[in-house]
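Every chain is named by a letter (A, B, C and D) in the order it is written, and numbering of its residues begins at 1.
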Amino acid sequence: MNQIPTDVCCLADYERHAQTILSEPTWAYLSGYSMDGFTHQRNRTKLDEVLVQQRILTESLGQGDCRQTLFGTELSMPLLIAPLAYQKLASSMGELGSVQAAAAQEVGFCLSTLASSTIEQVADVAPQSKRWFQLYCQPSLDDTLTLIRRAESSGYQAIVVTADAPINGVRNAEQRAGFELPDGVRAVNLDGLPQAAQGDSVFACWMGQAPDWQTLAWLREQTSLPILLKGVMHPADAKCAVELGIDGLIVSNHGGRVLDSQPATIEVLPAIRAAVGATLPVLLDSGIRRGSDIFKAIALGADAVLLGRPVFYAQAVAGPLGVAHCLRILRDELEATMALCGCATVQDINQDCLYTPF
Amino acid sequence: MNQIPTDVCCLADYERHAQTILSEPTWAYLSGYSMDGFTHQRNRTKLDEVLVQQRILTESLGQGDCRQTLFGTELSMPLLIAPLAYQKLASSMGELGSVQAAAAQEVGFCLSTLASSTIEQVADVAPQSKRWFQLYCQPSLDDTLTLIRRAESSGYQAIVVTADAPINGVRNAEQRAGFELPDGVRAVNLDGLPQAAQGDSVFACWMGQAPDWQTLAWLREQTSLPILLKGVMHPADAKCAVELGIDGLIVSNHGGRVLDSQPATIEVLPAIRAAVGATLPVLLDSGIRRGSDIFKAIALGADAVLLGRPVFYAQAVAGPLGVAHCLRILRDELEATMALCGCATVQDINQDCLYTPF
Amino acid sequence: MNQIPTDVCCLADYERHAQTILSEPTWAYLSGYSMDGFTHQRNRTKLDEVLVQQRILTESLGQGDCRQTLFGTELSMPLLIAPLAYQKLASSMGELGSVQAAAAQEVGFCLSTLASSTIEQVADVAPQSKRWFQLYCQPSLDDTLTLIRRAESSGYQAIVVTADAPINGVRNAEQRAGFELPDGVRAVNLDGLPQAAQGDSVFACWMGQAPDWQTLAWLREQTSLPILLKGVMHPADAKCAVELGIDGLIVSNHGGRVLDSQPATIEVLPAIRAAVGATLPVLLDSGIRRGSDIFKAIALGADAVLLGRPVFYAQAVAGPLGVAHCLRILRDELEATMALCGCATVQDINQDCLYTPF
Amino acid sequence: MNQIPTDVCCLADYERHAQTILSEPTWAYLSGYSMDGFTHQRNRTKLDEVLVQQRILTESLGQGDCRQTLFGTELSMPLLIAPLAYQKLASSMGELGSVQAAAAQEVGFCLSTLASSTIEQVADVAPQSKRWFQLYCQPSLDDTLTLIRRAESSGYQAIVVTADAPINGVRNAEQRAGFELPDGVRAVNLDGLPQAAQGDSVFACWMGQAPDWQTLAWLREQTSLPILLKGVMHPADAKCAVELGIDGLIVSNHGGRVLDSQPATIEVLPAIRAAVGATLPVLLDSGIRRGSDIFKAIALGADAVLLGRPVFYAQAVAGPLGVAHCLRILRDELEATMALCGCATVQDINQDCLYTPF
């Protein structure tokens, strides 16, 4: 498992291998999506439809690089590992492996509230990592605050509040496969914390405990860390967040796992960038599989992207080494795309670098 | 047959199972469509192309629900079982099973003139059901009137006049499979009533006996029950119906079973809503397979939808329990879609809940 | 071969059966198309994209029919059998079978210059047939005139001059299969007439002998029969023909057999109708497979259509009886479409009978 | 290998056969593309979407031909063999075979810097060939100049500077197959010349040695031969080249082998033609597979096209004879398309020869 297969050259290769390695229920969980997967698929097709504009004979590309700075921290490229739950489903090292890969490749790492490793373990194993903490608000404000304090104490540099998944999506593939968390994989950071009562009404049961704008306003007062809001898909919601003093946005449809029939994230990105102005950090996830996808997201207004399922797949296939390899592939692809489009730095990437009919 | 298979999580799962259970000719009849199925397929693809708009952190969703009131009757969600002919083709209980499922789930039930159970049997077996009667005009006005009177006497609350199927569609799959009604399955409500002579000319034979606007005007005078016109696909026809005092419309292309190469119902819905104003009840059928489809239809102007073939499939797979399960799945999916789009009630669903490029 | 298989319900069924009956080279010849078949396929997809508009409760449809009059001759529907070469490839009766089927079904029949039966035989076997003669101009004007005189003498009622096939198309499937005319199948009407020298240059060899506008002007003076020009795809060519006194046009791309990458005939029909005004007879072929296709062509400006390959397929499967069945299927489909769109006669069919977004 | 299979009628047939003949790694190399092949595929689909306009009865086509003159040299059709690297991968004769085929068919031949035959060998074996030399700038200007001088001495009539491949594309299929040049196939014209250091950073390593606009300006001063710039995809780059005195452009995306997610060449051609005016020679490659493709490119502003991969495939299947056959097929297809669209000469082909909705 710690060998990278010789025929792995791109992220799709890891996906292909992972499907043969993982158990069928785990595969159904990891690869699954809401309902019929229209949004899951659209995330890709809309990225594929964005065309880049080759330029030739550009001068001074020899000094180029793809480094990017977010909230004062410089990354080797504009990418973080997304806050994936239960990474031990992919391999025994789980988050401890992927954070080390992120640190080695100098990209960001965002730990999920539903991680299968603790906030502290992740910090200890990769103290130099550039790490953020993703927060699911807990039924009790005190418990929510405790999670924030633990993240602060362990050197996490930002809080990512997920707002797009107050309920689980309708995940038929996962249901059909009868997926359950295996022994030894659980949300360890929530050990001892009471969880929402599960009931059979979406509204009465789940939504009664979901965070709302007031919760976010309260959160903003609890920490001096930057707070990013994840799951923004409407410009009006983006503006609301800005008014509450939120420091950054993540345009995300949760990889198509929650609400099907939504647009792709790349589609809504330009309007969200327009709504919040040029300077607020805006990130994007859901569907990134190539360095050229990163290029496209940057060109359309993002400051960086998050990488989700491919981290799982690479971890399942080749452990932390696989994750690092995966990150390196993306960087090479991004640099090649930049060089061929005449961009020496991430700041050079803009809408003019995309092809639109002349 | 009364066991729900463990891998059934959505309506498509019932369809898949049903195909393995039903005889080939029955399957050809139930699943069939007119000519090449362009309209049958378009009903789905046009629903799939409608995109919903996620909203986050909406307040007060905990008190939400998806109840809807039609003609003074409250339903648990905006849905009725469509007037399907010969439901005993699916299972021995036929309409008696599906009306009980509808009553248990508090949705509406529309009995077909071509039902394989009588008007009275259906009322008796589910006296609390919210039931409508679908009328095919008979060659004799007296016979037509007799059907209406029986429906009135048995507590049916509305009459649905079907106008889009004066002739059978060109159903090649059914013809190829040599489908015929098996013994014991027939249109029992028409026992003893003379039927139209069958001949070989579409015009002379079939259309000479088809109802027209005068028939509808006459019908309007025969009953104080609300009358809905089913099969409306053109705004001008919708306006005609309103002028004659019709109480509601059902936008339908008969599930693509009659006239191929028509547009999808979801395409024509907005223009029909616009033609009749905001208050007239407008329903839609043909292609509903997900709770999110109901959401889309409501957003584009419908008050409720009707569910057709999936009722057959669920009945074939797991009898009345299957039908009830099917209805519950749709409600859960509708509630999840509403909650994630920030809608606490059906009245909150409107065009702004759909995504259009900003 | 004279039995219609029980599972044949539409023209596609004949095609399916024919493929299993005909030799591979003959199939390659009959079903083949130019180059990559883009135009062949586009003929269908563009017809499929035209949507019809259902209307309900229309009055007085009982007296409807689909009869159509062309050049003073009434047909049971607006359709002729297209001038197909070498029909004995399909069955031993060839043109003698299909003209009888056309006569029995009261549709038109157009005999090809490249028919495998003589002008006179066809007239003799079906004296009541409504027959036209399709003319390929011969290298010698005298020979051309002889063909016209034979057609006149045998009661053919119009001359169809084919202009879109001065050269054979690039038919790779036919070339790969090594198709050659079998013994006993040849262009008998050309027996004894010198044919164009075959050479290896498209321009010098083929085009030097091709007819041009002067040839057409000359032809117009040679006969009092109506002359139709077949293969018109550009409004300017349509206007030229009208100026020369041509009596009717056939919009055709030869079923996609000659020039690939052309538009579909149904696409160019409205502009050609607009160019020549409302009264000149305009026909269309290439891709007609359903009665609803005829409806669409009429709605977009045609007076009638021609049916090509399906005649071969039906003849191969079930001889003349198959051809007659094929024609009857189309009429039933056309009548059903008309009735469901509220049209009592062919004259009622117009652009308003098509769906365009309201 | 020197026999043309009897079922080869078009270039796609050669491709099909070649795949069965070549080793898997060589096939992966020859047929491969950058990343996911979107641009590779788009080159074809965008050509396929261009529609031609049939015209009928055009006069004086008997004197037509498809000859074209470029930089004073007349070709039998507007086509050159593209500068393909390592043609000995396809067959032992490599470039020596394809240049002979080009000479025999009177089309142009462009020799690659990365040819597996020397500049001098190619000239010797086909002294009458109309040959150009494609230049990859070498790390040393002196070495670059040496290549130019060798080409001049050997009668090459133009220099083609490739600007779109300063780095190799991300070619996953080739990587997965583990392709390496076999013994005896190498870039013989670079024997003894130092090559760029290979490193692991796109920017520092590759781009530091890439040519830029200054290099091009320098090149322009070194030779009196016409210089064409290959790989132009942006009108602004086209204008830059014109300002530097470049004599011609080749619109190319390297067959989709370098930068994926680019538009097709046929898409950008009209804007590039518009940017440089009517008289500068503009050529196009990437995706040409039919004579009708050449017609489309000419109609949209090209003076000629280059043919790439099919030359490899034909050579692999049937050696030089296959290449000649391939060229002849294209000419026949081009002539047929011209004749059927009413064009007697290449100069008659323009935008009016394409179909756009009237």
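Here is the rule we use: a contact is a pair of C-beta atoms (placed from the backbone, for glycine too) under 8 Å apart; a residue touches a chain by one contact, two chains touch by 3 or more.
Note that the coordinates shown come from a computational prediction; the quantities given were computed from them, not determined experimentally.
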Contacts common to chain C and chain D (chain labels):
none
Turning angle required so that chain B lies on chain C, C-alpha fit (0 to 180°, nearest 5)
90
Please state whether the interface between chain A and chain D is built from the same residues or different ones, using more than half shared residue numbers as the mark of same.
different
Separation of chain A from chain D, taking each centre as the mean of its C-alpha atoms, in whole Å:
42
Distance between the CA centroids of chain B and chain D (whole Å) is 60
Which part of chain B faces chain C closely enough to touch in the complex?
35-36, 38, 163-164, 166-167, 169-170, 172, 175-176, 178, 201-204, 206-216, 229, 231-235, 237, 240, 253, 258-263, 267-268, 270-271
Can you list the chain C residues touching chain B in their complex?
6-7, 9-10, 12-13, 48, 50-65, 290, 292, 296, 332-333, 335-341, 344, 355, 357-358
